[in-house]
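Here come two complexes built around chain A, the first alongside chain B, the second alongside chain C.
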Partner chain A sequence: MSQKAKKRALDTSYEVAAILKNYWAEIHAAKKDGKPVAWASGNGPVELLYAFGILPAYPENYAAVLASRQMALDFCQMAESMGFSRDLCSYSKINLGDLLWKGKEKPAMPFDGLPLPPDLLVTTRIPCLVQVKWWEVLEDWYHCPLMILDAPLVDGSPTEDQIDYIVVQLKEMISKLEDFTHTKFDEQKFIEALKLSDEAAGYWDEIMDLRGSVPCPVGAREMCGNVFPLVAMLGTQVPVDFYKKMRDELRSKVEMKAAMVPDEKIRLIYDNIPIWYHLELFSYVEQFGAVFVMETYLRYVWGGRIDLRDPYRGYARKILSNVWLNMSVETRFKTLVNDIKKHKADGVVFLSNRSCRRYSIGQYELRDMLQQELGIPSLVIEADHSDPSGYSESQTKLRMDSFIELIKRRK
Partner chain B sequence: MGNQFRDLIIRQKEIAADWKSKGGKVMGHFCNYVPDEILHAAGILSIRILGSPDPITHADSHLQSYVCKVIRSSLDMGLKGDLDYLDGLIIPYTCDAMRLLYDLWERNLGGKFLHLLDIPCLIRGDVGHTRFHEEFISFKKALEKHIGKDISNDALSHSIRVHNENRSLLKELYNLRRKEYGVVSCSEAYEAVLSSFTSPKELHSSLLKDLIKDARAKIGTQRATTQASKVRLHVSGSLITDIKFYEMIEESGGDVISDDLCTGTRFYWDNVIEADNEPIDAISDRYFYKLPCACKHPNTDRHEFIFDSVRQGDIHGVIFVMEKYCDAHLYDQPLLHEKLDKMNIPVLVIDSELALSGQEQLRTRIETFINILKRK
Partner chain C sequence: MLVAGIDAGSNTVKVILMEGNQILAQRIAKAGANSLNVVNDSIEKALKDHGKRMEELVSIVSTGYGRDNISFATSQATEIFCHAAGVVLSMPEVRTVIDIGGQDSKIIYLDDSGQVIDFVMNDKCAAGTGRFIEMLAIALETPLEEMGPLSIKAQGEIKISNTCTVFAESEVISYLAKGIPREEIISGVHHSIVTRILAMTRLRKMHGDICFTGGVAKNIGVVRWMEKELGRPLCIPEEPQLTGAIGAAVIALERIGESE
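Our next item is the complex of A and B:
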């Protein structure tokens, strides 16, 4: 794990650190100025918050930051010692452990920690019910307004009824935000935010598609670091500029046939949240001529195009249909089949993630379906995305070794 | 008396077979957000599937071990053929795992009537109300299509009365036990509730009436007086299927007089209020506004129900029975615990995977907890 990070494949990737730093600095500055700061769940309607001038902080993303810096364990254990079950989502355990921290000295927190207290809580069932339950805990502790965007899970394309259900909730949320901010909703600002969101998502999709080129120009480890502006800043200019630049750079890399791994032999797809405390796993395979060319987490959790001809319904459609976790098992399968072909993948690595049931249930079916219908082999590895306790790095690598051997023999 | 309810549980499949032999259909479901009234009005015997504590033999290749036992064992029962007697199945969108179970069921056990009751998470406010109602209408339509005939308003009204009666009797039993300690033991009373999930309600209600009548006759007798000295408990959690838990409490000198279980008060507390509206609207409202599950938002009414129960002053302690991997309840529990601490109510937390593991160790923990409460 301590192996020093290799030079990045893309120059643009070096810019993400500054974006991240600015994002947190702006939030802390806003908080200091007395402006309202929201704590938002991933996949929440963040464009709406930006339209109201409310900056969203992401406890979930912050938990991933802590996990990637090998800081998660203490926070998870703190939450467990305060009565939260070990089996709960480790993102939430990290956040609740941070908030409940007592006793021993707290480690220095990156970016000065989350802005406290939240003024507004915004969550959604899009990724999971856990978000709603976690935000209920926060509501209980901070007694500030809680807004929830409920959603049905979608099989195929969302139905008109399902879209209606999102639209009516968005409109209700708008009127609640008017009350909260004491300002009139500026629809033009919202539409502008949607445009920016769509534009950034468009570049992101192109980036993901360009990674499907042979050879693959950039792998998963680097891209996990690059996804942050898409997670947190949709609806602003920053991700548009960042991803446009990255798209342009990737285009030229693809033209030059630049390869993430010299002599690329094996192309892999990854399913589930990255193991944040062991991102090295993604680059570990490169020594065998293997590269991760597509990840369901990077491609189908963040971003999403918006049909701006009918902004509310277009936005609702994106909210409902772009998120892997909100897809039925059958839809996940069809999507995966399409991407395996598109990215010319040789195999799929499923992370069976004990604290993300919504992502993980159905993986055994997907594995079997891929084998039966495409003859594509899969590997299921076991880990938690952010809680490193019980994780065996050597075991995981051994399993990865034999999976790669298997694919090599088949080719 | 209690034996009659135990008998209903033991003879569950026989009763279902009997129902079918008379031309009726039998359908299963997983949750008390599924409207039994609509099934009943369609001539269908409703069976709430509560999973099984048996080891998993078939489902492990479909579902990870970190999914709750209710879902794993129910899929296992399906795959093993234990649920073949059902003519259909209704799966509600309560928690994420339950929603995804629908997909696994459809893929592995499809063919029969299978309905996703896609209810919202929001159970207060107009937005959730409309969607909830629409889902109930679609369910009724799907059922009508399946049975090939309309479900009339008269049939629904009749079913409302049948179910209201059953729920009222269960609530009467709850109130009686709470007022007259010991006239019915907690294990007997709990078996009465559990057996309602799989029995024809008319039969079940007639047995409940007898139980209540006999219990009333015991008021003021020797038995009631000895029972009154027991330590009285509230039990909190999702579902309890193992009656041994109640027996263990009784044997340790305790008595459960209140709960907020999905297999308890949350099942029978609220009735359908049929006024001038359509019966289907009245049914939908009952389920929308009922004492909520932790999967629904807001579920503060459940929290308040627990606190109100404790505030009545006759409860010595609270036992949380936490079903492993049940996220919704696991997030609520520390909040409830903290508030009960502030109310000076002693709390015991035990883990369950349908069966209570480590029975002797658990017995010791329950005995110790009850002994501490006795000394207070």
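Our next item is the complex of A and C:
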């Protein structure tokens, strides 16, 4: 599966590579200087870390980087050979396989690998439960403090009680971080990080909305790379500047009616984590005049606005509201219906993701509901997001071809 | 005008020549390791048998896993649409098509005008495809074509509980070791594939006549189980394995003048 680069739709997209490089260089430099580095999971309360001058590294994100470079299989197999279940989240298998590597020569790791050892582990139950177990394994290996933000499943909007529950935990974490760093919590710094986080998320939301224009100015493949600063640097200035620039570029593209696909015919929505080792699937459809205009993973996993009038409660509300994985099937349906209309989508492609069941649960129900209530067709494809071992490219493309033909004939 | 439909499947290559609405020639050949050669051979022989030449073909549609590799095809279509078109040609009342091929199985839903409105395909595993029966036929040391006739002689019934082809193989071997009659095991194999396929239909109600296509529809044991489970008779084309190629030829007819 070659992932050939083709000319990108947005000039701003070319800046991601340097951002990525700088991010890793900074993390490694901090580690070298003896500053504490945390391993954090996505959707964790990283803005708190910035208030204490702690930089977060993201093993999941790094696993996605390895998968997109066709390096995942060896690490997955290494973790499996050490007794971890094949059915575990492939992000965790990649990370554990990386850490447990034994025997044959280890491949050269992009960006010099994760900074080792972690000084602090931060995770949350918001997107999934595997993360907590995975972080517990890391705690066991590295004997460093582990902080877990617990969260209830939210049906619609979070209740005041649920918000209280998060706020109490945030305050507990602050005092634990004070103990860990032997410094006093700097609330101003925290609020500054929240502000930056909110600002970047605001631009990101605008970017996502601009992609709803007809024709769509930029597709999923490119945006999967562009999401990196939002995932790994939320709460800092970099994503604010980057996404502001991207928003501005998109605005002018939309004004000019610049199209990702000449003669756009079909607009698609994608649900689930991208197939990192075969991102080409997103651009594959373009030869048929189809384009992915919105992805639940890009829109409802990262970012999220924060009401800064009451920073703690506002932050708690954002943590509980914005994550697709923490939404009930009914909320997912309502959200999807809204986005199908907003983005003028013709169909939805669901990835039934072998090692992320929490993301995949309810997809067949969503498929039925969309067909019955909107007459919108959907396709369910099967693969894993980062472990390529069970993937069949030709079978997946056949399903995609048939789905596109179905939509074309219905139009 | 002369057109061709080519179904380059994972197991077999099927070729149809059509003139007007009439099938002029049909060929089925094992795909083997070099399926492109088999495609070339099949089409050449089909043309030669009827005194026709390649240049006379005005439209050639390819389908199946090898559809993109056939250089002389004028266009491609997916199996879903080819199977639907192939069925509608001879059985216009059909509204649901169940196709079990070598590597895929699918349920295709048609509207009242015979157009595809939805489809469901098996997950990527070989269970629920023709390959499942082929592998177990090897384990049972039974020629594939004898599987159907033998199984309908079964007196009792055993259940194959493993959907995984590899595990089902060892299950079958353990039944053989226990001395269970071969017919009963084969019947269990057929029942297992039918259960697996019909699980896909739970997502959407089947309506109208149901047609069973693909190579597996030639297996009377599978057909019987399918009819029993559905509680209704199935329509089966004369040569179910050719449905995709016939459909490709029908689409080739529709596309005359559109391509090239």
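General remarks:
Simple rule for what comes next: the second predicted complex is superposed on the first by the 410 of 411 C-alpha atoms of A that agree within 3 Å, B and C clash if a C-alpha of one lies under 4 Å from a C-alpha of the other, contacts with A are read in each partner's own complex, and residues count from 1 in each chain.
By definition in this document, a contact is a pair of C-beta atoms (placed from the backbone, for glycine too) under 8 Å apart; a residue touches a chain by one contact, two chains touch by 3 or more.
Values in this document were obtained by computation on a predicted structure and should not be read as measured data.
Contacts of A:191 after superposition: neither chain B nor chain C is touched. Using the contact criterion defined above for the overlaid structures, shared-chain residue A:364 touches chain B and also reaches chain C. Within the superposed three-chain model, A:144 lies out of touch with both chain B and chain C [touch as defined at top].
Shared-chain residue A:129: touches chain B; no touch with chain C.
Of the two partner chains placed by the overlay, only chain C lies in contact with A:377; chain B stays clear of it.
For chain A, the partner that touches more of its residues is B, with chain B and chain C as the two candidates. Contacts of A:395 after superposition: chain C is touched, whereas chain B is not reached. Once the two complexes are laid over each other on the shared chain, residue contacts for A:82 go to chain B alone; chain C is not touched. Where the contact sets of chain A with chain B and with chain C meet, they give residues 352, 364.
Those residues of chain C whose C-beta lies close enough to touch chain A in the complex are 65, 77-81, 103-104, 115-119, 121, 123-124, 203-204.
Of all residues in chain B, only 61-64, 66-67, 93, 95-97, 99-101, 103-104, 106-107, 118, 120-122, 125, 127-128, 130-131, 134, 294-295, 297-299, 322, 324-325, 327-328, 330-335, 337-338, 349 touch chain A in the complex they form. Residues 352, 364, 367-368, 371, 377, 382-383, 390-392, 394-396, 398-399, 401-402, 405-406, 409-410 of chain A are the ones that touch chain C when the two sit in their complex. The residues of chain A lying in touch with chain B in their complex are 82-85, 87-89, 92, 125, 128-130, 132-134, 136-137, 140, 148, 150, 152-153, 161, 165, 168-169, 172, 328-330, 352, 354-355, 357-358, 360-365.
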